[in-house]
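Order as written gives the chain letters A, B, C, D, E, F, G and H; numbering starts at 1 within each chain.
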Amino acid sequence: MRHPPAKEADLKFAKLDLDRLRRRGMPETIYGAGKTGAQLAAIFSALAKAGQNAFATRVGPEQAAIVQQTVPDAVYHAVSHTLSHDSVPLPKRLGKVAVLCAGTSDVPVAEEAAITAERMGARVVRLFDVGVAGLHRLLSRQSQFANARVLVVVAGMEGALPSVVAGLVSRPVIAVPTSVGYGASFKGVAALLGMLNSCAAGIVVVNIDNGFGAGVAAAMINRQKP
Amino acid sequence: MRHPPAKEADLKFAKLDLDRLRRRGMPETIYGAGKTGAQLAAIFSALAKAGQNAFATRVGPEQAAIVQQTVPDAVYHAVSHTLSHDSVPLPKRLGKVAVLCAGTSDVPVAEEAAITAERMGARVVRLFDVGVAGLHRLLSRQSQFANARVLVVVAGMEGALPSVVAGLVSRPVIAVPTSVGYGASFKGVAALLGMLNSCAAGIVVVNIDNGFGAGVAAAMINRQKP
Amino acid sequence: MRHPPAKEADLKFAKLDLDRLRRRGMPETIYGAGKTGAQLAAIFSALAKAGQNAFATRVGPEQAAIVQQTVPDAVYHAVSHTLSHDSVPLPKRLGKVAVLCAGTSDVPVAEEAAITAERMGARVVRLFDVGVAGLHRLLSRQSQFANARVLVVVAGMEGALPSVVAGLVSRPVIAVPTSVGYGASFKGVAALLGMLNSCAAGIVVVNIDNGFGAGVAAAMINRQKP
Amino acid sequence: MRHPPAKEADLKFAKLDLDRLRRRGMPETIYGAGKTGAQLAAIFSALAKAGQNAFATRVGPEQAAIVQQTVPDAVYHAVSHTLSHDSVPLPKRLGKVAVLCAGTSDVPVAEEAAITAERMGARVVRLFDVGVAGLHRLLSRQSQFANARVLVVVAGMEGALPSVVAGLVSRPVIAVPTSVGYGASFKGVAALLGMLNSCAAGIVVVNIDNGFGAGVAAAMINRQKP
Amino acid sequence: MRHPPAKEADLKFAKLDLDRLRRRGMPETIYGAGKTGAQLAAIFSALAKAGQNAFATRVGPEQAAIVQQTVPDAVYHAVSHTLSHDSVPLPKRLGKVAVLCAGTSDVPVAEEAAITAERMGARVVRLFDVGVAGLHRLLSRQSQFANARVLVVVAGMEGALPSVVAGLVSRPVIAVPTSVGYGASFKGVAALLGMLNSCAAGIVVVNIDNGFGAGVAAAMINRQKP
Amino acid sequence: MRHPPAKEADLKFAKLDLDRLRRRGMPETIYGAGKTGAQLAAIFSALAKAGQNAFATRVGPEQAAIVQQTVPDAVYHAVSHTLSHDSVPLPKRLGKVAVLCAGTSDVPVAEEAAITAERMGARVVRLFDVGVAGLHRLLSRQSQFANARVLVVVAGMEGALPSVVAGLVSRPVIAVPTSVGYGASFKGVAALLGMLNSCAAGIVVVNIDNGFGAGVAAAMINRQKP
Amino acid sequence: MRHPPAKEADLKFAKLDLDRLRRRGMPETIYGAGKTGAQLAAIFSALAKAGQNAFATRVGPEQAAIVQQTVPDAVYHAVSHTLSHDSVPLPKRLGKVAVLCAGTSDVPVAEEAAITAERMGARVVRLFDVGVAGLHRLLSRQSQFANARVLVVVAGMEGALPSVVAGLVSRPVIAVPTSVGYGASFKGVAALLGMLNSCAAGIVVVNIDNGFGAGVAAAMINRQKP
Amino acid sequence: MRHPPAKEADLKFAKLDLDRLRRRGMPETIYGAGKTGAQLAAIFSALAKAGQNAFATRVGPEQAAIVQQTVPDAVYHAVSHTLSHDSVPLPKRLGKVAVLCAGTSDVPVAEEAAITAERMGARVVRLFDVGVAGLHRLLSRQSQFANARVLVVVAGMEGALPSVVAGLVSRPVIAVPTSVGYGASFKGVAALLGMLNSCAAGIVVVNIDNGFGAGVAAAMINRQKP
């Protein structure tokens, strides 16, 4: 087996895969947790030099500020804890992805999903205050999400929202458990198990707090060209 | 500390507590799993001799048939897997306990809760086909359960039903997880965790498949005399 | 299905459900953990403007001080880590709820249960130093809790207290496991499992450290009107 | 809130939801595990009378034979352990769903996914002998799966196949862990965790052995109309 | 390092340690689970030939019958599922070990502990019907166990009995969790965790259902010669 | 049932049980973790006033310094993180308890066991550098521990030391798992499980890091008077 | 990327990888659990036709008998539950692999490791009765295993044997946990965790009961050519 | 049994085993986590005085700086968090060990393995940017690792890399799970389970983040002299 050399940028602490956009339909995304501001700045600089867009998740405001000293146009999205810098225009937003969650604590994960899907070309509708314990709110907004191509439903604690939503639509539902809760929530495990065991078919699940992964999958489904 | 001798019947393999009705407001109930038909027959006979009512849970049809050879009037309740024999009349049924579940597989546990509560004097309404994935069924029957004094909500798999129901009523909800499911349901653990982490306040939980315990607690709450 | 628009106050970071009191018989309660003092202050202000009472759990003294700068009449309850501000009088306290725990470490959770039940109209008796390893204390106070309409029993470590208490009364017992302990207590899991497996019927359980949920359920049971 | 009465068929042991096709875009599917042959026969008869197609999963050959006594045209699919009877023609198969697995033991789950997707109108390509330990097989068949609209990747043991496949395509991947394995596979938990933690974005996961759920989600994604 | 050759009997499938009595103060005990009747018979014969006493735990009646064909004097103890054959007299029973449990289901494990301790020279008092949910029974028998040198307390489900007993005595308590229970008892794990987290000092714990180990430790403590 | 009032000292945050020495043969011990220095100081003062000895575990140097401002004679034991103040002479040390551990990291727990046993009247021999991976050290010191009345064996990581030691002696072994380790040690769970499953009979186990509990049980066994 | 077509035999239910010997230095091995005797017979026939040796693990005597009807020369190894048929001579046995275990119950796994290593060209020494609770046996046989190139150490229950052995040698130790045990052994998890946390460096671990994997790795290490 | 006194250096807080090099073929290595800089300095001094090399893992830069005040020649390896001081020359590097990992986050563990193996005489090739989601990188470097005597493969998250690598080589693979990941990675448990369940034979596993253990085993295998 012969394979061509990989197209990549070698920063000492990491090698950037500059070919992923072509291969997988999405550019490399940086996982910010555990990286220093200086490392992130180096990555953003390298991608800027390569003329590629940069997007990092799980970035705190301090890390972001350090990147912005080197790459001043980088934009920090405080709610989703993401950082972006775009050298080329993002794809036009098409289709419809609905992102739902129950409230305050789940919003950062939901917003990470939403912004990720938008960057990959999805038009996103956000419904961030619809929980199972107040069913009337959810039902009164049904027309806003029922015609989406795909739904991302984010929930912590018992994680019941995706089951209820999936029962109301005929489109795929990506369930995202969050680590919101305490005690026997076991940092999102209760929600994760609830979603995996949903009695409503058509639900698929991602890792706890993985708004990014849900956003990627939703965008892939949304851009479907038959 | 001095204590009076206990009032009890000594069968070789077990001592029956004949004083529990007075002390705890409920007669001793026999846990049938793991007991032979002969042992159950001996217990039912002893209680009959003592003029006390007998009630056993988790009894299979074969065990029941053996008991009925000795105590012919014993009644086997096939759906709830319970066996009863009443020497004295049961208390009159009062108040209102609603028992809800989603369908076929959860019915035996729900019925165990219902029959237990009825034996302890509760009037019980059964709603055995209302799941979260078909919300319209639940909502169309709201008037049948909203005015109950207490609700028992039985669910397996993701265990989301109690959260949804509790959001619709202002009465206490006893959630019963069942071992229905497969894979990551872990024999009821997913449902149990979902119920413990419910975002709807007023929900309390019992052990997996413990319809009996839910029925006892519901009856105790239902007979409340202010 | 048509549903009326929800009655709510929209703070940017959260939507307050101002209709819950009517729907569920209890006002919305704020979960303080993870919220900033400023967010709590905004919520307390909005509820004050709407003429509704405010009650927040898991509030630290620093958060409370920030709220009190905006809503000076807000009262901080240091033992239960709760914060309240009442625009309208609380319901009159009736009936009897007994709250029991074994000692120092469990008191904050027990007190959260007690104050929650009181705000919802329950008369509460506190017995905060009765553990299973010193049975004489518990037995010598039996008359103080045996006639309660419902008991809340809080325990960490092995969580055995609810079983012992339930064996002494004929009323429902709400067991609250706490995260008190170390090693194989697994932050309350040992106590939770012990309570779920209690050999005494009539015990129901809430999440680890969920004094609030126990208080709500106890108040709902206590105010029962047959 | 007013809701119309549900459209359903009441068999004593179950109520059939005859309206799901309209509401959710898929007919009710019967979960065969734990049901008797007689119960399945009754359900298949009722659906036949209602002029609806019937499809049951987790059906053993004995159960199937009993159904076929009542509904002779019912077809048993031995590899996927499913049973079907069609009163009306199935939708025409369009698009492309690729179903991959590593070998013998995972085939039943993979086939359950494939047949489910086919019944919901998907054209399915099966690649049932491509494992990570023999990478050459997978790579030599890349052209057969790379252009599918969505991929279902089934794996037990360490569950690594979806990560490798997702790295080779730009379409969504539905990962299905199976209970194949022993010891520390914990009946599919190792595979499930591996899939949830995949370093390749665009992967979503369903419950252990849930070929049916994967098939439904794949068909929903496949039939996407932009 | 030089070591003398071990003193042992070589049966093909096992080597018997004939020197353990001298080294550890107790003869080798055979764990019967998983052994065939023929294997047990061979072991009993070999020990008889060596003039040593034989004792096997977890022996079913069928296995026992096969051994008795070869070693007719072997005695089967049906309650504890143990089998013994004594070539030399057992040590005289001295001191006092109290073995307590709550009832029917825990008796086999309790009896295994009792018979083991007796064979190692302990005088044993059995109290097999004292549970925490019926505290009066336990308290009324306090004089029977308070003066034991060591107590073995056997309990399933929530495993609370050892905590209560230890609070009443000043002697060491060996707690034995049993696999009695269902659902969230997790085959004895709930009881095990309860015992490990007991708030009463002086409690030590053995493996789930390990009556034998508790009996050995109790006998070792009981025979203490200061 | 009548019970005399309990003999206790009421500090606002705790009630001290001043009667435990008489009832259980050991004075109340204070669990220092989570208590403020001021609370500990109040407890030590109250016990001093009552003429009882005080002993607290899990006390940090800062807490200890605060206590010493109020009770200057209180002695801090830095290795075991314990604090003591004795109003009356401790019991004379008799018998022999051997405390073994493998090295540096396990010493604090081992020393907590040793000092606890000494305070309860046991003569203690410490062997703190004998691990299973360097068997020669253990074997060369065999004469120092083989004749102890009871052994406390402390180990983290795989927790194998108690099995090896128990195979060398004929006395009871109290195994103490510690939270020493990383990764799949799960903070002591691996060691705990290893000890519970020891193939050497006569081993009993306490909670992870529970040197105190092991010391109490060892002292109780050591002072045995036949 | 271009890849040559795979060299394989297509049985309907499985594709045999006939090229593995060349690629990985070991022929394909059949995992017998879950396969029918007929399927095994087909595989053995196909390999015989291809002139390759066949080796299957986890084969019961009934399965073996069916294979032998088709391939009469197939040899069943009853202790290790393996089945073999050799068309070409096995490699000559060289080097030295020592396989150790504690006794009766662990022998099948140990023997599976031994026979696997032998088939791959290793000379194997078996020491099947050396446990940590009887250290003298192990030490008296030290000369038999200390000079092996690699050791396979099999143990259930607490899994301490590999730690002790590794402390006595300077060669790599492959630890194999077995599912032997009960209660908190959790079917081999306790042994697995013990081995992963061994304080003796140079220990590597395989899955529970995976004698085959240990044998393969041992043979690979043993045949090392520097 | 007689045993010679151990050859060791007694620092108050620890005893150094100065004889391990002779006995086990590797010098004692210090586990730096939890030790103070002063303790490490004392150990490094003692080993220097004894003329032995010193090597410590899990050392932070602050600890290292303190050691260097006492032992100025000590070298801190920042990437692997290790500290070394060599009194005598290290063994010459021979053979070939390949150490592979997927990227940034896994490098510290991979480097700990590499430096450990080098100190024990192995020539090491590092390939630190080869992940399963970018298979082309791995395949294009195949010639660099296929001829190693043994491979160490480090991976977090789903831990799939060892399976893929093992399928490409015929040498033993030591898999090292890392705690890299979040949510359902459970701090490395997902990766650990994936590796234990690998479908590729010849893989052995060490504890989570145990680069040191993998390095020791790799060096032992690498230096094999047939």
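Observations on the structure shown:
Definition applied: a contact is a pair of C-beta atoms (placed from the backbone, for glycine too) under 8 Å apart; a residue touches a chain by one contact, two chains touch by 3 or more.
The shown structure was predicted, so the numbers you read here are calculated from the model rather than taken from an experiment.
Note on connectivity: the fewest chain-to-chain touch steps from subunit C to subunit H number 2. Here the repeat of C-F among C-E, A-H or G-H is A-H, since over half of its contact pairs match by residue number. Averaging Cα coordinates per chain places subunit A and subunit G 45 Å apart. Distance between chain centres (mean CA atoms), subunit B to subunit D: 36 Å. Subunit G has its Cα centroid 50 Å from the Cα centroid of subunit B.
For subunit F, the set of residues that touch two or more other chains comprises 1, 3, 134, 136, 139, 167, 183-185, 189, 192, 196-197, 207.
Subunit E meets subunit G in the complex at residues 1, 3-6, 8, 13-15, 17, 20, 33-35, 177, 179, 187-189, 192, 207-210. Contacts from subunit F toward subunit G in the complex involve residues 102, 131-135, 157-160, 163-164, 166-168, 181, 183-186, 189-191, 193-200. Those residues of subunit B whose C-beta lies close enough to touch subunit D in the complex are 103-105, 107, 129, 134, 136-137, 139-140, 142, 182-185.
Those residues of subunit H that touch subunit G in the complex are listed here as 1, 23-26, 29, 94-95, 136, 139, 149-150, 167, 169-172, 174, 192, 196-197, 201-207, 212-214, 216-217, 220-221, 224-226.
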